[in-house]
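To keep things clear, I will list the structure first and then write my remarks on it.
First chain written, first letter: the chains are A, B, C and D, and each begins at residue 1.
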Amino acid sequence: MALKLSFNTWAYSSYPSWLPAYTLEETIKRLARIGYDGIEIGAASPHAYPDFLSESRRKEIKNVLDGEGIALSSMLPAPSGGPCNNACSPYPEERRYTVDNYKKIVDLTAEWGGKTVLYIPGWTLFGTERREGWAWSAEALSEIAGHAAQYDITLAIEPTSYDSNLVDTGDHAIELMNEVGLPNVKLMFDTFHVLYRREVMTDYVYQMGADLAHIHISEENRMPPGHGRGDFESVMTALKEIDFTGYVTLEIGFDHRGAEPDWFAKEAFTWLKERA
Amino acid sequence: MALKLSFNTWAYSSYPSWLPAYTLEETIKRLARIGYDGIEIGAASPHAYPDFLSESRRKEIKNVLDGEGIALSSMLPAPSGGPCNNACSPYPEERRYTVDNYKKIVDLTAEWGGKTVLYIPGWTLFGTERREGWAWSAEALSEIAGHAAQYDITLAIEPTSYDSNLVDTGDHAIELMNEVGLPNVKLMFDTFHVLYRREVMTDYVYQMGADLAHIHISEENRMPPGHGRGDFESVMTALKEIDFTGYVTLEIGFDHRGAEPDWFAKEAFTWLKERA
Amino acid sequence: MALKLSFNTWAYSSYPSWLPAYTLEETIKRLARIGYDGIEIGAASPHAYPDFLSESRRKEIKNVLDGEGIALSSMLPAPSGGPCNNACSPYPEERRYTVDNYKKIVDLTAEWGGKTVLYIPGWTLFGTERREGWAWSAEALSEIAGHAAQYDITLAIEPTSYDSNLVDTGDHAIELMNEVGLPNVKLMFDTFHVLYRREVMTDYVYQMGADLAHIHISEENRMPPGHGRGDFESVMTALKEIDFTGYVTLEIGFDHRGAEPDWFAKEAFTWLKERA
Amino acid sequence: MALKLSFNTWAYSSYPSWLPAYTLEETIKRLARIGYDGIEIGAASPHAYPDFLSESRRKEIKNVLDGEGIALSSMLPAPSGGPCNNACSPYPEERRYTVDNYKKIVDLTAEWGGKTVLYIPGWTLFGTERREGWAWSAEALSEIAGHAAQYDITLAIEPTSYDSNLVDTGDHAIELMNEVGLPNVKLMFDTFHVLYRREVMTDYVYQMGADLAHIHISEENRMPPGHGRGDFESVMTALKEIDFTGYVTLEIGFDHRGAEPDWFAKEAFTWLKERA
């Protein structure tokens, strides 16, 4: 069975802080028409910040997804901005917000038919001991996963070495998964961060194996595969070897103004479809 | 009288999305000890997201500011992330949040003794007419400025051509100021955006003149003055010529991982102090 | 029906200020023989400055166009040089010249069988308020369009962010069109300027839609499509989706000495013909 | 006696085709206040296109020059744009315009107290024999110089290898001077064009010697001296050795958008003043 392809919405949503931006409806339609099986929706403004979505708008989006025949592969919060979303903050108010916000994202994912929410473990401020931040993050993850269990939704832990200091590697993610020890807490990785650490992408695939619930594909500089130094041929082969059933999800094209989202979506789709 | 110098906290706060980060207390102390007259505080996590600040923590921060003898030059929201802070969003929930969040920032500024809040006019999504976005932003600004009047706090409109599409130039900011027509709505500009537009920084100083309430200094790539092509000697001269009484505020060092905040703060301070 | 292709003459006419240059007759023949459906003629020396064209020479050029079977897709003035052609000049003599020169270009376009004249809204000098420049430009456009109506010639407003400060975006052009409110005032855009602004080219196509009367195709650095980062595949698709009936016109190869005009004309033709 | 310094106005006048631009009055004041002895005025819009200058405006400008105590070192036409100004055009209408436009520039120079007008010999189109273009240019120069004699104004022939094909070198200029054989036809050169040809700047100084009436100083890329590979120390020394009494005139900062004119004017002034 061919690998399923998905595309993350940041490039269409003015995140982290630039133009252009499209409505979520428009974004869903474009990705569906390019041929993607799934869409990964960033749970942030203007697309899908839970607090801003009325009942009717949630239904509207669900209808667009169904009408276009594209699945919600996954959701994730924006790890920055006003309230941030940092499970390792030294401030209890921020940690409380983070857990609550994740729960709302889980609810939204369920409502839109998704089964996967990404868990970004957060980062510590200077002055917080790593073990303390780790404990906060593990605690948050447990509570969120407990909430997600009712929907059969999985939390996939993502090591983010480029912009964090807590879970930087596959080993760290595995450690956290094991410590939390819940059946719906699994793993994922983003090739961008692996390349940033100068590690080997396929090592992550084989190491995570059956626990690999999700994957982000991106070259350095958030370019599509085929536009950089990464050996993505081997990544695709490795995913097939481990019988990966999740969505091969592109998280690209959002790191500098001037990127044309459709180009990234099409270019990556063409490259991956041939190898899926 | 010498020009007053201030430093923006993004570089110390993991914004937009990377490390390292320091507590606000630590940041205040470092900047005060380098010699800055003022500090510009980003009203975002982990430093100062209004919803997360308890009564006691607000007082604590005020005490640190007073104890270190450094003034709050200004505050501003993070224009991105989960709820964003976009006055031109097509969604009423987001616009409501934006105005309310600004009001809380105004309250916080008053509590910490500041007199200036930056107003970032926002950006339109594809499908929103510019005039419609403009009307929403003008309406938001009016409401916020009305709230700020009680504290004698000024809203300074910032053209942000690099990451918006509504108020890109000094002319646009002046138009918005005139349209709103309130005594506490004034102007500012960020040299980074002027350089991005390939315009002349001193033109903005002379054009805004007596209405220039605030200024952000940054080279291209968010480097300190003296590390690029910009003519900052002339900017300093022009500020003196128009009898600028606000804070010359550095907003630098936060656009890529690996920047050492103290280096930026010290390097810029040394360069500017000689010319202030 | 296939999209029609045209090529702008700057690269063959030593504009803005370098070699080599060919006569207009030679240029027409070369472009016709490459296969272009149309030619966009710059109304400037040495090709077609209206004041310098005798009755007999006008007929001669018309004969060459007819003989080679290539249509006049459009004309435009040179926005620089001695008298400039700036509708926003603070000097009434220059504004008068600009309107009169445009009228002569309109007459010439009619004589040579064309239906489209490009309107470049101009730029303000430091010290002119944007709104004042805007009013001058709108007034000029109204007068020119009034004159053009007798020939059923359309004026197409071009946003030129790279070298102006009045009409920088599609939104601005739409605002100007709406303000002037004449049936023969429509829109165009140049992909070069859209790329310079780091915006998305197809956004302009969809936004302008039925009002898009003309288009300039150019990569960054005035290179042909396929020689840069722009997603021109999507542009061609979008033009077909909106049933664009104008000329897809290349304005390339004229920004630095050393460009060989025929290479640009052929390279771009090959790339576009396959996708037209 | 120290060498006199002058600055050319292109960088302040949106020539060839970009922003920003200042009025001529503003430009005169800025250059005078930086310390320049003279100003070289481009006889083009928006500054000084002869046809657009009313009697009263001419007087106004004269008053500003006198009031600021800065001399008109020289004038020159813009060699491009609508009517161009090409003495070698194959079209008699354009050649007539060129001579007449030069005469008007000469009149204006006289009125504003100048003694030097630059003569740019023009360029031939493909199909014109060099000797034919040469004859046209020599004829034009004779007529212009004849007109200038009444005011004791000198025409200085400028080799412009970067953007012409007729008078590319010092030798060509000397040949043209000798052929015309009028006492008020002299020589000049622009170091930018010498560097472009990979020749030696001081060779031009010594070769032209007593006939050198004017000089343009510019690094490659129109940068100020000290910002490139050119040996300008030797140029200054050579000028003193030949007892040069003209204006050492900067023609820089106008070849790309984003240049801040004042920076170029100040940076070059500082460098040259020490060596003048």
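Convention: a residue touches a chain if its C-beta (ideal position, glycine included) is under 8 Å from a C-beta of that chain, and two chains touch if they have at least 3 such contacts.
Because the structure is a prediction, the values reported are computed rather than measured.
Both chain A and chain B derive from one sequence, and where they touch, over half of the residue numbers involved are common to the two copies. Chain centre most remote from that of chain D: A (centre = mean of CA atoms). One simple way to say how far apart two chains are is to compare their mean CA positions; for chain B and chain C this gives 40 Å. Separating the CA-averaged centres of chain A and chain D is a span of 61 Å. Taking the mean of the C-alpha atoms as each chain's centre, chain A and chain B sit 31 Å apart. Computed from the mean C-alpha positions, the centre of chain B lies at a distance of 45 Å from the centre of chain D. Shared contact sites, meaning residues of chain C that touch two or more other chains, fall at 126, 165, 199-200, 203. Under the stated contact rule, the graph of chain-to-chain touches falls outside the line, ring, star and complete shapes. Pairs of chains that satisfy the touch definition comprise A-B, A-C, B-C, B-D, C-D. Contact residues of chain A toward chain B in the complex are 14-23, 26, 43-46, 49, 51-54, 77-86, 89-91, 93-94, 97, 101, 123, 125-127, 162-165, 257. On chain C, the positions that touch chain A within their shared complex are 195, 198-203, 229-231, 233-234.
Partner chain C is touched in their complex by these residues of chain B: 126, 129-131, 165, 168-169, 171-172, 174-175, 199-200, 203, 206-207.
On the side of chain D, the complex with chain B involves touching residues 18-20, 257-258, 260-263, 266.
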